[in-house]
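Below are two complexes that have chain A in common, paired first with chain B and then with chain C.
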Partner chain A sequence: MDPLLYVLDLIVFIGIFGIVSLSLNLEFGFAGLANFGKVAFFLIGAYTYALLSQTGIPFYFCLIASALVSAVFGLLISLPALRLRADYLAIAILAFGEILRLIVKSEDWLAGGDWGVTVARAISIEGASHRVDALINIGLVYFCLLVFFVVIQLLANSPYGRAMRAIREDELAAEVMGKDRTKFKAQALMMGSAMAGVAGALYVQYLHCVLPGMFMPMITFTVWIMVLVGGPGNNWGVLLGAALVQIIERGTNILKDYIRFLPVDPTLLERILSDLQYIAFGILIIIVLLWRPQGLLKESKIRSKVQRLAYDGRRAAKNKGS
Partner chain B sequence: MAVNWAQVIFNSAVTGSLYLIGAVGLTLTYGLSKFPNFAHAELITLGAFVGYFVTEQLGLGWPLALLVAFISSGLLGFLCCCGIFQPLARRGSSIIHLMVASIALGFIFRHSIGAIWTWKPLYFTGTGSAFDFGPLRITHLWLWLIFAALALSLAMHLFMMYTKMGKAIRASSSNPGLAQASGIDVDRVIRVTWFIGAGLAAVAGVFRGADTQIWPMTGWDIILPIFAVAILGGIGNFYGAIVSAFIIGLAENVGVVGLMALGVSTTYRIGIAFLILIVTLIVKPQGLAMLFRRA
Partner chain C sequence: MEDALLKIKEVSKHFGGVYAVNSVSLDINHGGICGLVGPNGSGKTTLFNTVLGLHKPDHGEIYFHNEYISHLPPYKIYERGLVNAFQIPRLFFNLSVMDNMLVAARGQEGDRLLNSLFLRNRWQKQEKGLIEEALDILEFIELEPWAFTPAAELSGGQRKLLEIGRALMARPRLLLLDEPAAGINPVLGKKIFQKLEALSTNGMALFIVEHRLEILFEYATWVYVMDKGKIAIAGQPQAIVDNPDFYAIYLGEE
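Entry: the complex of A and B
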């Protein structure tokens, strides 16, 4: 494969998983929800896109529909699940993801069952080379990423985001201050699911196909690595985490293509390389949890107008005094 | 279509026995350490592979296979507890961090197993043949499985009621602070429980592997019903787990009959456990534990 295409491919994947990790950051980093079924909403977005795009609807409608359908499912699962303790919520959502994969796997009429179906590219130009295709996808993915990033960044610094963080830190205290925890959590889950849905749609249209095997619990786990390594509560951090994890993951795949040049038994290495990669991910996450639980970048401080005014005022007073 | 109900009931007992052996460790460690150990699935898988290694690759007998599987998974559970979960808990990690750590450990084990034994399904050979008993189709393995579950129930009952360690486990599970104040070394109790629980998971893995096939997802394939058993039975409650294991075994087997009658794919049998899990969590998160509370 052409080396430039490897890089473009990597950039697309970083963008897509950047969106998913931002959505988990909203749910876990800000609202403190243990969403262990991220892949479920990724799957819903992907299948919604795949099914709708077959009917010939323009791609932006399909993307919006993916977001909406995922959001609705996010809301539906939140209705019963949010009253539960963190561990019950985690088990319930994880189980939900597994069941969903089971459904798309056994229902052959729905997007081909276990064999999947091909999905049309969102934007395709006649006779475009692979490089141009990848560039178009980069444009599309990073446009979505930018929109979500700005929204979450604004949200995190708004009174709304502060209420969310307050609920994460102490549910009861936040409730006493008049913040409805169930409402905030449901909204976080809904927004996060919508974003994951869009990412799922972008993912399948980029890969040209959709199959149940693409939605293993592994996806949820990699997204958790991105958030925890990068720094929960810090949007730049989770993007950094997404980039790091994707570089390692794609790097291993590229390594597989070149492995025959290494002076070791290639068949054995090829077989165990992806296993080794996941073992390394597991060890990485345990090291982070043990020695740097706040992640690479610390949680971003809240920046608000009031805070800036207070800071300016303090400085002005100091200057007057001296 | 005529349904052989005797067979359905018998199969329920077999399924329930498997889930019981698999879930005991999960429910006990969940009750003591206060978080669900998702790596429990991989402790089951490891047991299956160690059992395979001993019987098929070394050619030794079943009792030895079960023993070696028990000890190796048990040691692994023990090491995870001392090396990772207890240090994390001491550092004040939240329950979410503990759960993520357990998932991470699960991935490490699963892929280590995959790297060693490959991802191709493997089969046990010496699992004995099936025979007919009245209207029932029975294998020796199933009889052994039911026997193992009965023996386990009895042994655990005696252990929990009449030994110092069993009493300490119950005390630490229901009130760790008070247990500590009464002179129980709660950390040690937790470590011992992890050893026993992980070892029992391995036993379930050997039976499951011998009954079907083994691959690195063996444990993950049955993790949903096992979680359902632990939650329906009431977390940390061994007696609840006995009842709920057979309820879920029955629900699955009757459900399969229902699914076939409706013409729906039987792969949804795992969905039945999911349904029970969700309903329990919503309606009565403490599960059947209240049935076994003593006045």
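Entry: the complex of A and C
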């Protein structure tokens, strides 16, 4: 295969999973919600897009619809789930994701059941090469990524983000300090779900198809690895984590393509390489947890420049006075 | 005393079969320092938590500014100016000292999702004022040099100070303090009480649980003594000191 296409493909995947890891960072890194059902909202966005795009609606409407439908589901799941303690919340959302996958798997009329359906590319140019096609997708994916990144960055640096982090640190103390924890968490889950929904939509339109097998719980855990390795509470960090994990995941897949030419039994090699991914993830997690338990990048500070300025201003005034 | 700031009417709270607070009625007036003393386990902290909305009372009613508040969630009670500082500090440990202070400010514009994104100018202006206010308080509690360190790195006494400073940041109308002087050096403990007294003459009311009676009785204008979930004695500090029952309750002997 075209080696450049491998790289372009990798860049698209990093973008898509960058969006998902940003959304988990909002929920877990800032609001402290252990969402172990990320894939559920990824799936909802994907199927919403797949079904809507078949009716001929323009792709941007489909993308927005994916975000909205996922957000609604995020809000719905937050109603019962937020009353649960963190560990039970994790189990409940995890189960929710599996239930959804089994529903789309067994309901053949919905979207082809286990066989799935094909999904049209959001933007396709007649007769364009694979490279151009990939470039168009990079543009689309990274535009969405940029929008979400800016939004989360602004939120994290505002009093709203500070309140969220306070809730993460100590829910009860935050509540007696005037923060409505249920509201903050529900909003975090809603926004996070919307983003994951958009990522799901981008994913299936890029892969040309949607099938239940694409939404195994492993996706959730891969995204968790991205966030934990990159550094929860740091948006740049989780993007770095997404890139690292995707390079390992895609890299081992690409390796499989090349390794066939070696004079060794190919089936055995392929089996080893399939496991290599998980071995590499395991090693990555162990290394990071040992040497940088807070993730590769530290949690970002809140508006520290303005605070510093005020602090230094007072210091200077005092020195002058004395 | 019709227009008392806080009015607790026959409030009871029990856990299982044990009455932690048993039909307590009391009033806190505007301004002034009111003390609450009593042996360990007499129900002082439970009474505080009930007022804060952390526990719903089993019986009785609580009014703040003539408004019935027993049914309100804690964050709404806080927004009305009824603020608490915990006995054991519950700080946001991974946030800086400064951010701990800023979280506590009441009525922040940027606390709402859409405001934080679209009304940036408004809350940024407000934030500047809040930072100055926070620095003033930090200077007073002698934590200014640590403004940008995470709260987790503070010593035990400093954490206690930050807990109190954070509560002051809310500009409370009524401040509940659970043992503010415990674990703080005597000089600073006294300084804090002096500051609290100054605030109380400016209209802030204080309701303080404190075991260091020598400090409390110097500043309090009225003292309630709690025993086994009930208010046993109430009066001015001098009258309490002169009451022989007080020693029986507090020291558990004649």
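We take it that the second predicted complex is superposed on the first by the 295 of 322 C-alpha atoms of A that agree within 3 Å, B and C clash if a C-alpha of one lies under 4 Å from a C-alpha of the other, contacts with A are read in each partner's own complex, and residues count from 1 in each chain.
Simple rule for what comes next: a residue touches a chain if its C-beta (ideal position, glycine included) is under 8 Å from a C-beta of that chain, and two chains touch if they have at least 3 such contacts.
Worth saying up front: this structure is predicted, and the values here are computed from it rather than measured.
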{"item": "First, second, both or neither for A:F215, with chain B first and chain C second", "value": "neither"}
{"item": "First (chain B), second (chain C), both or neither touched by A:F149", "value": "neither"}
{"item": "Touching partner for A:Y160 - first (chain B), second (chain C), both, neither", "value": "second"}
{"item": "Touching partner for A:P293 - first (chain B), second (chain C), both, neither", "value": "first"}
{"item": "First (chain B), second (chain C), both or neither touched by A:Y206", "value": "neither"}
{"item": "Touching partner for A:F41 - first (chain B), second (chain C), both, neither", "value": "neither"}
{"item": "Which of chain B and chain C A:F17 touches, first, second, both or neither", "value": "neither"}
{"item": "Partner chain in contact with A:K301 - chain B first, chain C second, else both or neither", "value": "second"}
{"item": "Chain B versus chain C, judged by how many residues of chain A each one touches", "value": "B"}
{"item": "Footprint overlap on chain A, where chain B in one structure and chain C in the other make contact", "value": "none"}
{"item": "Chain C partner contacts - residues on chain A that touch it in the complex", "value": "151, 154-155, 158-163, 165-166, 169-170, 172-181, 187, 299, 301-304, 306-308, 310-311, 314"}
{"item": "Residue ranges of chain B touching chain A (in the complex, touch as defined)", "value": "34-36, 38, 84, 87-88, 91, 93-97, 99-101, 103-108, 110-112, 114-115, 118, 220, 224, 227, 231, 265, 267-268, 270-271, 274, 277-278, 281-282, 285"}
{"item": "Residue ranges of chain A touching chain B (in the complex, touch as defined)", "value": "28, 32, 34, 36, 80-81, 83-88, 90-92, 94-96, 98-99, 102, 105-107, 217-218, 221, 224, 228, 271-272, 274-276, 278-279, 281-283, 285-286, 289-290, 293"}
{"item": "Touching residues (chain side chain C, partner chain A) in the complex", "value": "52-54, 73-75, 78-79, 84, 86, 90-96, 98-99, 102-104, 106, 108-113, 115-117, 120, 123-124, 127-128, 131-132, 135, 144, 147-148, 166, 170"}
